[in-house]
Structures are given as structure tokens and as C-alpha cells.
Amino acid sequence: MTSLKPFLLTGFEPFCGSTVNPRRAWVNPSEQAVHALNGQTIAGLKIVGIILPVDRQSGPVVLLKALEEVHPAAVLCLGEAARRPAISIERVAVNLLDFRIPDNAGVLITDQPITADGPAAYFSTLPVRALLNALLAAELPAELSLTAGSYLCNQIFYTLMHALAAQGSKIPGGFIHLPVLPEQAAKMDTPCPSMSLETDLKAIRVVIETILSHLVNNGYTQSENAG
Amino acid sequence: MTSLKPFLLTGFEPFCGSTVNPRRAWVNPSEQAVHALNGQTIAGLKIVGIILPVDRQSGPVVLLKALEEVHPAAVLCLGEAARRPAISIERVAVNLLDFRIPDNAGVLITDQPITADGPAAYFSTLPVRALLNALLAAELPAELSLTAGSYLCNQIFYTLMHALAAQGSKIPGGFIHLPVLPEQAAKMDTPCPSMSLETDLKAIRVVIETILSHLVNNGYTQSENAG
Amino acid sequence: MTSLKPFLLTGFEPFCGSTVNPRRAWVNPSEQAVHALNGQTIAGLKIVGIILPVDRQSGPVVLLKALEEVHPAAVLCLGEAARRPAISIERVAVNLLDFRIPDNAGVLITDQPITADGPAAYFSTLPVRALLNALLAAELPAELSLTAGSYLCNQIFYTLMHALAAQGSKIPGGFIHLPVLPEQAAKMDTPCPSMSLETDLKAIRVVIETILSHLVNNGYTQSENAG
Amino acid sequence: MTSLKPFLLTGFEPFCGSTVNPRRAWVNPSEQAVHALNGQTIAGLKIVGIILPVDRQSGPVVLLKALEEVHPAAVLCLGEAARRPAISIERVAVNLLDFRIPDNAGVLITDQPITADGPAAYFSTLPVRALLNALLAAELPAELSLTAGSYLCNQIFYTLMHALAAQGSKIPGGFIHLPVLPEQAAKMDTPCPSMSLETDLKAIRVVIETILSHLVNNGYTQSENAG
């Protein structure tokens, strides 16, 4: 008897942002999505959900520990992107830390590499075009994005891809940005696009199903996947 | 025994838009919201829902006929505003028809008044600030807007206010623009903010409840309201 | 011998904005444009330039005094509109004061009429469509706008149109918003469209020439215009 | 006697765009800037200006030939970015061709690498933070950008950095996007930010002077620079 490897899904705790925009504090759509899907089975894969701290030091540590413990079939990291109107499928992670606001530990970093000896960037190894097409076919607003920024979302994305490359791992990994939730947009100083958690969850399910199809099309089977 | 007057809620059929953006055709959040709420009772008021044609000639005719037949306690007209990220509470209706795309009858009008002998504009008689505050308090993204455009939404808004003024009517009336639905945003050429129908319906309920509070605060009672 | 009536051109002093965005303070493209054109003759009309205070009380006083003293053939009021990318030809002035930031006297007003007994709005009596066409033909970025906001720009626009209406004056009057200058955009927290003073001045010349053509086409002559 | 190496400045011919937006055709701010500065001496460096075709095949060929022939002290490639409001200093070139409109040869490429054996991305080797600070200090609107897109601008940027890396060259190279010119914005369907050629030229001079300061600070001298 074989057991399927799980699907690793990560989200972030809310940005503290207490000095920047205190009214937005302590909600994050990626956290809520991970809480909603953790433990569920989608497309035959058990979802293991992990919440990452918004901290340039402990965030990568928690991700890498999860990667090691979960032995996932694929990894999708989620984050929040204020002002973006659609599900943003990120294509590129860059080796750059350049914050506009401090992380939750209160540290603001400018123009530093994530890893001194890493390459300038990694491409997502998720089937990004297929994800876009599947989301649009499901009538969910989505776009391909060429930048995940230079804050902690990009750091986690880069850290993931760097770890997979270092391990010679073939498992697909990547990052998707979610718009803010309506309740966050309602607290902003100027009108801001939002997306409901229901729409987020529909989108993430489509994404995970499409990633599994991609795995299967590339020869992924239960036996390879056996623990 | 007295019977409460109903609440008149109007929406628009989809823009045909067949030559402009055929993929968007035949969905309109205001139509779906009116279908969902028609016949329901909110805050003690029976909702009478009417769908208006996207036609500069028959649209006002249908509205005025409904106004006459329904004898409403208040009127809220709804429309769709692509590219807007939040519930837009319109403050001002202007006496202007100036279309960028034809109406569903295929007619494009430039720089014409709606009514040759009407004033330049009317203000909404809805409690717009109270509506904004109530929506934000309910964590729903909303904004006050100073322009309802110069297309058919503004025409219906102006037609409503002009009719109420001509009748010396004291009932509150106004217009709210809804963002496009996610399924519409998914079909646009460039990413566009959207809002789910669930969020729309929550917002419209809050709006109707707030309008009733306003009516009651201004001395509105069942006996005045008797048919 | 007859003397042509002058053209009244107004601009605003800079927004103080000291608590909002101190780095932007004390520059205003409308002030610089009026300084550059004051005393010049464009299309045969002498330009009389006036700078208005950003003050809800003294601003209208200065405008109305200038209107009385200058006896202009036409009036164009200019203001600054941050975030707008093009010359914005305003169509509608509304009877509303609703500020997001205080005026330079430190007062913030919410939801008040400009004039308790005035109509909801006035349309510009400038030939707005001809102005748009002339600007675009001259390859200058321009747009018609349906809202001049609810701050001091709109107040001055409304005050002008209300005064002209009260006097039964037939002279054309209206308002145009200019984007910020590049040196202002360079000091903003997020990237913002700008327009150089040279482009502003080209545009204002085209506007004044087009207004004079409109006057002449409507039977305006030197003899009518005699002092 | 030593002779200073020149500064290589490239721009693009206009996008044909004949089927997309024929009214915009045949102007490009980067071409005009290069024409205006070609042959001039800025900060002691002779500017050699080259115009690149908007063609995924011949564009890189022309760039690489110029690089070989000019033996520049530094290279700055310029391009046009519609909808961007400020001078955009690009940080990252990615190994991706993914066009939304065809190039001038009529070819539209989707999801292809620029160079099959190249890394995912290169960082600019211009002193990007110093360039931003110098532009803002000169009151010119500017921003750092994390994406140069996936069209021909990014292709040229990547091609440049890949060639410099392959040669082991230490000369600084990078890419800057310019907003459209006012005359282009005047021909667009919707209002679009623009920047005048005068502002562009001021900015490019500041950029070149800052790059030379950076070279000198890093030990660059005439003798090293001798032909």
C-alpha cells in the first residue's frame, strides 16, 4: 500500500504594520486561506498548511523545517498583495531584500541580497501558464506577475526555490499573491481592490488541481510518491 | 391595519457591448443583486425589484412606470462600474448624456442634456454619509463618489431625482455603483477589481437598513406609510 | 477707438499641506502658469492673472473682486490635481464643500453646501468639447472631467458660475485642472503623473485661443467689447 | 595622451503597433533622447547613441555589434513604458520572452527563454540606488522598478547583461524606462501619464553623471580607460 505525499501550502501571519496602518492590522487572506484548507484533501492530495511569521529571520526557518518534515509532492506559498485586483501567479523570485515597511520584528532592510551566494533569480516551477488558463476558465480573475516585490513574500519564494534547487528536487514550487480581503479594503485610506475568501478558496482549489494534473502529465504516480 | 410601503430597487440588464468587449456580455452585478433580493423583506420593507433596459429611451420609461405603480418608501437604483474597486455611493446626477460606447439599442449620444429644461444636477437624497459609515462599520469596502458618469446609470439617477422633484416627493432616492463580478473581471483584457455577489448583497442589505433608520429618524411611521 | 476686454486667468497659491505632505509644500502649477502668462496678450486678449488663496473664505472674495474690477471677456480658473495625468477640462461645479485635508487656514469642512440657496451644480460655459479637440489636435494630453472634486478648486469654480449666473452674464467661464509639476511628483511617496510647466503653458494658450474663436463665432466683436 | 572611452546609449525605434494602436505609431521617447544626446559629451564622456530595431532577432544583433565596436566605459539602454508616470530604473532583467503585442516583424512570442542556457535573471550593474537618489535630488520623478517586462526592452537588457557577464566585463550596464511623450499620451484611448523630452534629457544627464561618479569612486581613471 502506498501513501500519497501531501501538498504543502503556506500563508503568512498578518503584517503588524502598527505604525504604518494600524487599522489594517492582524488579518491576512493567505493565513485565512491556509486555515480553511489545512487538513483537507484536494485532487487526492492531503493539504498540510503552515503559517509563516512576517519576519525575515524566522520566516525562512519555518518554511525550510516544514519542507523537510512534510516531504511534499508540491509547494505553494501564498501572500497578500495590497492594490492588486486579481490572483497574481508569480513567475520570478529575486535575490533581493528591499523593504518599504519594517517586518514584524521592526527591522527595515534596504538593498541586501537574500543569500550572498545565490543566483539573481529563480523562475517558479509551477505550471504558471496552465494555472492562469485554468483560473480564467473557471471565471476567476487572475494574472501572471513578473515581480513578487522585494519584501518577505519574495524572500519566502526565493528561499523555497533556492532550497529546492540546492536539493536537486524536482517537485514544483512557487508563489501566488492574493488581493486583500474586503474587510481589509474597508479600512484603507483610499479605495483598494479586494477579493473575498470564498473566491480565494475556489482559486486555490483550481490551482492545486491543475498542479496535480501537471504532475500526473509529467509521470507522477502513486508508486513514485510512496513514503 | 396599515401596510408598509415597499422599497423600490432597480438594476440594469447587461450591457450588450457586443462590439466592444463581447466576452463580458450578458452579466451585470446589479441585475443579479436585484434578482436575489426581489420579494425579500429587509428591515421590514418589502423589496420590489425591477430590471431596467440599457436603452436611453426605454430605461427611463420603465423606471417612471415602476415609480408610479410601486409607491415606494424609498428608491435605490443600482448599476455596474467597471474599474471601480468599492461600493460607490453616488452623490450627484448630472443633466448630461455623453456615451463612450453605444447603448444596447446601438445608439451613441454625445454632449446632450437628459432633459432640456432640467437643472444641471441633483444631489442624492439618500443619507450618503450615513451609508458610507454603515458600510465601513460592517467592514464592506465603500466610497462616496462625485460622478456617476454620463452614460445610462447617470441618466437613470437623474431621471429618478427629476421625477421625485417634479412630484414634490420627499422619499429618499439615489444611486449606487457596484464593481464588476469576479466572472466579469476574469474576461477582461487587463486585470480589473471585482466584488463577489455575496459581498454586494451584504452591502445592499446594510444600505437598505440604514435608509430605513434614516426614514424613521425623520419621523417615518407605519401610519404615514399606509397605502 | 475700442479697447478689448481682458481675459481673467486665476491660479491658486500652493496648498500648505504642512502636516499632510510637507515635502510638496509651496509649489502649485496653476500659480506658476498664471505668473508666466500675466500681462501677456494671447489671441488679442490681454491676460490679467490673479492668484487666489487656498482658503474657503478669502478665496471666493478675491475671485469676486477680480471679476468686478477686470470686466473680463472670459474667465478661466486653474487648479492642481494630483494623480491626474492630463489637462482636465472640468464640466461640472457642485454645491458641496467636503475636504479630505484642511485648507491653508487649517479648517476642514465636511458635507456643507457652498451656498445654501444655490442650485446643486452649474455646467462650465466654456466650449469644453472644442477645448478638448483643440488640445488633442495640438498633441497635448487632455480629458473632459465630470468632477472637480469638493475642495477649494470646485468651490472657486462654483463661485464663479454662481456669480456669472446671478449677474445674468453671458461671458464664458470655467475651470481646468493641471497635473502636478515634475518637481512635485519627485517629492511624493509613490510615483505620480506630472506635466511640465512648458506643456501647461502650451495648453493654456491653446485653450485661450479656442475660447476666443468661440466668442467670435458667437458674434463677439471689438465694438461689443468696447470699454 | 589617453582618450576616454565613450558612453554607449541605446534607444528603440518606435513600436510599429499598426494593428494595436495605429495613432501612437512612429514616435518613441528613447529614440528621440538618443538622437538628442548622440555625439555630446556629458561628464567628460562622449555619448555614442545607437537606435535598436523593435525586432527580437535584429535588436540583440545591433546591440552586441555596438558593444564590440564602441568599447564603452558604461552602457545605458533606454526604452518606452506606457502607463508608467516616472523615470523607471530597472533592477532586474529576466530570461523570458512573453509578448502581449507582436514585435515590428509581426512576431508574437509566448513563454520562451531569451537564451536557453542563460540564468533566470541578471541584476543591473548600474548604481541603481544612487541613480534614484540623484534624480530625486534633482527634482525629477523617478522610481526603482523590479520588472522591465517580458517584451523587447527586457530582452535587450538581458542580452546586455548576459554579454557583459560572458566577457567577464566589469563595465556598468543597465536599463531605464521612460514614460511616453505628451504627444503620444494625447493619442491614447484613455488618459496616460507622460513626460516631456526636456525632462527626459535632464534625467539622462543626471544618470550619466552619476554613473561616471560611481566609476571614479570605484577607481576608474583616464589611464585605465586609455584606448
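Letters A, B, C and D name the chains as they come in the text, with residue numbers starting at 1 for each one.
The rule we apply is simple: a residue touches a chain if its C-beta (ideal position, glycine included) is under 8 Å from a C-beta of that chain, and two chains touch if they have at least 3 such contacts.
Please read all numbers here as calculations on a predicted model, not as lab measurements.
**Q** Measuring between Cα centroids, which chain is at the maximum distance from chain B?
**A** So the chain farthest away from chain B turns out to be D.
**Q** Could you let me know which interface, A-B or A-D, is made of more C-beta pairs in contact?
**A** When the contacts at A-D and A-B are counted, A-B has more.
**Q** Report, in whole Å, the distance between the mean C-alpha point of chain A and the mean C-alpha point of chain D.
**A** Once rounded, the distance between the two centres reads 32 Å.
**Q** I'd like to verify one number: the distance from the centre of chain A to the centre of chain B, where each centre is the average of its C-alpha atoms, in whole angstrom.
**A** Averaging C-alpha atoms per chain gives centres 38 Å apart.
**Q** Using the touch definition from the top, which residues of chain C touch two or more other chains?
**A** Not one residue of chain C touches more than one other chain, so the list is empty.
**Q** Mind giving me all the chain pairs that touch?
**A** A-B, A-D, B-C, C-D
**Q** For a test of understanding, state which residues of chain C touch chain B in their complex under the given definition.
**A** Interface residues on the chain C side: 91-92, 94-96, 98, 110-111, 119-123, 129, 144, 146-147, 149-150.
**Q** List the residues on chain C that touch chain D in their complex, please.
**A** 84-86, 135-136, 138-143, 182-183, 185-187, 191-196, 198-199
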